[in-house]
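For reference, the structures are reproduced in the following blocks.
Each of the next two complexes has subunit A plus one more chain, namely subunit B in the first and subunit C in the second.
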Partner chain A sequence: MPDVKPAMRVIYIPILLLFAAFLFLPLGMLFVRSFETADGINLSNYLTVLSNAELMKSFENSVKISGLTAVITTVLAFFLAYSIHCTRLYRPLKSVIKTGILIPMLLPTITFGFAIIYSFGNQGIITKIFGRNLFDIYGFNGLLIGYVIYTLPSAFLLINNSFKYMDKKFIIVSKLMGDGTIRSFLNTIIRPLSGTLGGAFVLSFILSFTDFGIPASVGGTYSVVATQLYQVMLGSIPDFNNGAVIAILMLIPVVFSVFLLNYLEKLNFHYDKFSDIELTQHKGRDICFGSISLLVLIGMFSVFAVMFIAPFLTSFPYDLSFTLKHFIDTFQSSDLTAVYKNSLFVALMTAVLGTFIAFSSAVLNVRTPLKGKSSMDVISMLTNTVPGMVLGLSYLLLFNGSSWKGTFAIIILCNMVHFFTTPYLMAKNSLSKMNPAWEITGILLGDSWIRTIYRVILPNSASTVIEMFSYYFINSMVTISGIIFLVTAQTTLVASKIKELQHFAKFNEIFILSLLIFFTNLIVKLLCDHYQKRQFKH
Partner chain B sequence: MLKLQNISKQFDGKSVLDHINLEIKTGEIVSLLGPSGSGKTTLLHIILGLTGINHGKIIFNDTDLSNVPMKDRGFNIVFQDYALFPHLNAYENIVYGLRNRKGSVSKEELQEYIDFLELTPHLKKRISELSGGQKQRVSIARTLVMKPKILLLDEPLSALDGVIKESIKERIKSIAREFKLTTIIVTHDPEEALTMSDKILIINQGNISQFGSPQEIINQPANDFVKEFILKQLEIKRENIYNLFGEKYA
Partner chain C sequence: MSKTLKIALLSLVALSLVFVLVGRNSGKADEEKVVIYTNGDEEATAAMETSLKDAGYEGKYVLQSLGTSELGGKLLAEGDEIEADVVTMSSYFIESAQEQHSMFKDLSFSTKALEKKPAYYTPILANTGSIFVNTEVLKQKGLPMPTSIKDLTKPEYKGFVSIPNILDSSTGWLLVQALISQYGDAEGKKVLHDLITNSGPHLESSGSGPINKVQAGEVAAGFGLRYQAVMAKESGLPIKFVDPVEGNFSYTESVAVVNKDNEAKTSLAMKMAETISKDAREELLKHYPVALYEGEKVTEKNKPAHPKKYKQPLTVELLKQHQEFFKSAQ
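For the complex of A and B:
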């Protein structure tokens, strides 16, 4: 590694300062505020919150429903991944499953709730088809469906990835050794995947536990932590100190889960070599798994179908004639187009700046000899742990009195920090695979260190950088939990606008805005995938 | 002339090189020969300026370079794995450094290097499309256009197969002659060292065992290490070849 510390520090120090100001300071503030009362620093806020039966009930509810979601999601995600890797399903069908299951990632979670209401509610499409209410949608059932749809893509990606790196030759070996179906399945699939399955469970749990969009739309009277926190902070009688306490309490199970995740990581088998093998013919297996996967997929699509249909009908479900009126109205409303532009601006800025920061942090950690460079890993652990709502709330507490309040800058910074971990790890992974002598070579050929990074390291990371950009963009576009405490009338984003429109029951606008987010994300995703593929041809 | 005076190097308190004294004349090819972990790469990196020293002096043409940073020393290295940039093609790799040395190499000179290394047919190829030997020649060309005052090569032959090895050996020799370039080569193969260099520096456990011409090393081994480890290997090789071809080739 080249020894040009001054140039490296020029990047290192501002990044550290950035995280000091927008991660450590706000969290410290949150912590302090949770102890602050009219008569000094003490535990009375905690006592108030812990003795509030309603709040405690909401914690219990959150844990219960998130746990159940995690079980269902993990099982379903396993079925899907198994269908893809261990059956001889028709290949195009596998592609459809693989791509289709990821669609919810392109939408804000608050939209899920409205789609569920419009599908299963009193006037919903699916209710109409069946001729009666299948079940009460507000509250537990609606939340469960929403959470499962929300967490399924992430859990699937995790399990699917592990399947990819699993040595399937062991399936054959186990057969040759005379194992029965069950034993073979347990030994060659479940055991090697146990760490990942545990990981998928924990991940789904954290995601549902900390999500705000779904309970905000379909939660009904079933109260969960996220909605309680929102009410305490922004309800009729805001109480910032109690809000801080709830946020801290929300952090506890998440911190615990992250430790669990790190532990489960160790359970994973690491195959150094893996081989693809021809799977045995087994019609029963294929039909069984194929139909389950298709059912999951169709179930998911049918929930979202309404979003694509309702806005084109005059007055769903009463007048089903086709119309473009709602679209024209929405696009003519300067209010809604302004909100869309805001979202686009925030997502673009987050993607550009976030990618820059995450990439620089990874370069510092992987490709320099700087002392203290592993502080980047600590930061990434922390950003991975802090839920968006907690981060947003801590910003609210810290910046409420300052001129930062109500700016786009603060929203963008919140997103950059909130979604830092994944892009950072992507960059780290790709940078650590590159030849360690490139920087030295660049310097010997007359470039400065920073120019070598620009001329050599960056072009060779192009594909990863595009992936990081796309991740930041899409997540900033759909997040609501991170920004709900930070938006003001001037900085409203699409996701928070949807929450507002809910009060006026303007479902057509809600769906049209959701479609806008969806297609924007889809285009960005397709473009990024396209450019990424081109990069790979090098 | 490159002079190393009393060079010592420790990593975390552990001595890796100890009181190295050495003089290399301009245009000489010198091999650094020694077993794994003996400090060859470390010495090469010290000359390059990549690794600092704890003690001693590096003097090049009467200038003390000990505290001169790597990029200002004017030496250059070809790494064992070539460190070519995969996003650029062969030609773009070769001219990578030219924009930083405007005017130092003319078009004709550039073409001369390319011709000399027989790279013309490969210029448009991506790095992944080049064979090992071709990659190495590109890497050498990229280094030569920077007109280094000393060319350093870390195990240039170890990644190549037999036939290519011989031709690259010849090539390195002729580069040094043609461009009067002081060349220092790391190797752990005695045969390689003795057949391609003017002088050989045998290092063992961070100390110089012997420094001399191939003839001196063969005829007057300085100590048991040189006899046991260096000459022994050559004798075994010779033995094997006798056995294969029979006495008549002796």
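For the complex of A and C:
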């Protein structure tokens, strides 16, 4: 590793300052505000909130529904991952499952709710097909469907990844040793995966606990913490101090979950080596898992189908003739195109700056001997913990009244900090695998440290950088919880515009905007994947 | 200075430049645009936008729709720090915000309003409450035609009534005003309680919720805005409006201009407010048929049978009292 160079400090200090100003300071402010009252600092805000029966009920509701979501999601995600790794399903079908399940990631969660309403509601497609309402969608049922669809991709990615690093030879060994089906399954699949399954559960729990988009659209009268927080902050009688208290209380289960996640990490098995093996023939198993996976996928697609159909019909569900009128109207409306441009701008800026910051942080931590470099890990832990809504709220409290209010910069910074963890870990992971002597070699050959980073390290991590970019871009495009407190009339983004359109029940516009986000994300994702593959070929 | 340091510093400067660009320019690039906050529903917003576009203001304003409670919250919390330059909102909210923050500028143009109003706002539309029924459903279920709100509390209406919630909707307030005026606090509370019980899951957060449910045939009767029932009837639906004996209460929504330091922008905002209050009226009157200005006429069917005004002036304080009243009746 090279000696400490001034250049390292020149990068290190601004990054640290950035996080001080946009992570530690706002959160500190949030903490202080939660104790602030008309007569000084005391606990009365907490007492008010804790004695509010409605609020406590919403906490209970949130915990209950997030817990149930987490159980269902983990089971389903496991089924899907198992079908891919432990069955001899037709290969193309496996890739359909693998790609198809990720589609919800390209859409804002608030869209899920509307898709559910138009599928299962009184006038919904699925209701029409069945000829009657299957169940009441507003409230618990709608939330549950929405949360499961929302959390399934993340849980699947996690479990799928662990399956990759599992030695499937043990399945055969267990069979040969005479284990029964159940015993073999428990010992060779569930035991090694227990840490990951726990992780998937906790992850799904946190995601649904902190999401705002889904309850904002199908929550009905079933109140959850996220909608309560929104009402306290932006409702008819705004109370910023009580809002701060709710935000702090919202942090508690999340902090607890993160600790749990770290603990579960220890349960993970590490195989010395893993080999590709031919799985045994078993028609029954394949058909069973294949059809369950397909059912999950079809169920998911049928919810989203309406989004691709309704905007093309004159007046769904009454007049089903084909028309492009809604699209033409939307694109002609300067209002909606401006909102789309705003979103695109924010996503691009977030992706460029965010990738730069996350990559620099990882370089500093992994490839320099700087003192205090591990503070980057602390930061990434913290950004992983703080829910978007809490972060957005803390920005609102800190920057309200300053000239930062109502700027794009504040939204971009919020996104950069909110989504920092994953890209940072991606970069850290890839950088730590590179030869540690490259910088020394570079210096011996007469290149400065910065030049080596630029000419050697960066090209070698190109694939990771592209992945980081795509992660930042897509997430900034779809997030609503992070930015809902920060947008203003002039900085409206697509996701928050959808919330506004909800007021008028303008579903066509909602779906068209969602489609715009969807296709933008799809293009970015495909492009990034394409460049990533090209990188690997070189 | 070493070369490394130079490069690092350069990139730093570049980075901060980007930040400055992003923060100051793009965020405020539209600074010259007038921001209009409105709680108006679709028809009202469309009418305002048409008038602004016809007056050549396209691209010079941003119109942001908010729920009444959201916009109310912003007005009371932010005062003249609010992003908006022009606000259209329920008049009682504008009055309360003015009282708290003195945030509105006196209008520089004059209007011939029928009723006395302060100098800082002028009404753009008025809403009147009434009962409406779906005659088909009424027949199907063998229910009697109601004549009063109290009729809807009869046990046979259980599950067939829809009403708006005063906690979210100003239309819901019209209902509560009618009940308190007619029956007083004690009996009014009982009537309201029975009414809420009868509505069950059809207690709507949006003012147009009940008419939608009545139109869809999910309930037989509802309380909401009178003009919506008139329009539904005109379009051939089996809807009938009934002016309740408790009275047709109304509230107005008005336009006001926020007093800001930026002279040029405020004067442009003033012009837009004038356009909204004058040019948009013709179309607004079609959707909200209540005469507000001299010379305006509405057709007979749009004249409610029992127009009434609440005994006290409408204020946010009164709204809060009535919200508490509603909660205690639940």
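In this section, the second predicted complex is superposed on the first by the 537 of 538 C-alpha atoms of A that agree within 3 Å, B and C clash if a C-alpha of one lies under 4 Å from a C-alpha of the other, contacts with A are read in each partner's own complex, and residues count from 1 in each chain.
We adopt the following convention: contacts are C-beta pairs under 8 Å (C-beta built on N, C-alpha and C of every residue); 3 or more make two chains touch, one makes a residue touch a chain.
Remember, it's a predicted structure, so these values are computed and weren't measured experimentally.
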Answer with first, second, both or neither: which of subunit B and subunit C does A:527 touch in the superposed model? neither
Pick one for A:298: touches subunit B only (first), subunit C only (second), both, or neither. neither
Between subunit B and subunit C, whom does A:441 touch in the aligned arrangement: first, second, both, or neither? first
Check whether subunit B or subunit C contacts more residues of subunit A in the superposed model. C
Pick one for A:456: touches subunit B only (first), subunit C only (second), both, or neither. first
Based on the superposed arrangement, let me know which partner A:335 touches: subunit B (first), subunit C (second), both, or neither? second
Touch test for A:238: subunit B only (first), subunit C only (second), both, or neither? second
Which subunit A residues are contacted by subunit C in one complex and by subunit B in the other? none
Per the touch rule above, subunit A residues touching subunit C in the complex are 5-7, 10-11, 14, 122, 234-238, 240, 334-335, 345, 349, 353, 356, 401, 404, 406-410, 412, 448-451, 488-492, 500, 503-504, 506
In their shared complex, at which residues does subunit A touch subunit B? 2-3, 435, 437-438, 440-447, 455-456, 459-460, 462, 538
Partner subunit A, residues of subunit C touching it in the complex: 2-5, 7-9, 12, 15, 18-19, 22-24, 26-28, 30, 33, 35-37, 41-42, 45, 58-59, 62-70, 72-74, 76-77, 81, 83-84, 167, 216, 218
In the complex, go through subunit B and note every residue touching subunit A. 48, 50, 52, 70-71, 76-77, 79, 81, 83, 85-87, 96-97, 99-101, 126, 128, 142-143, 146
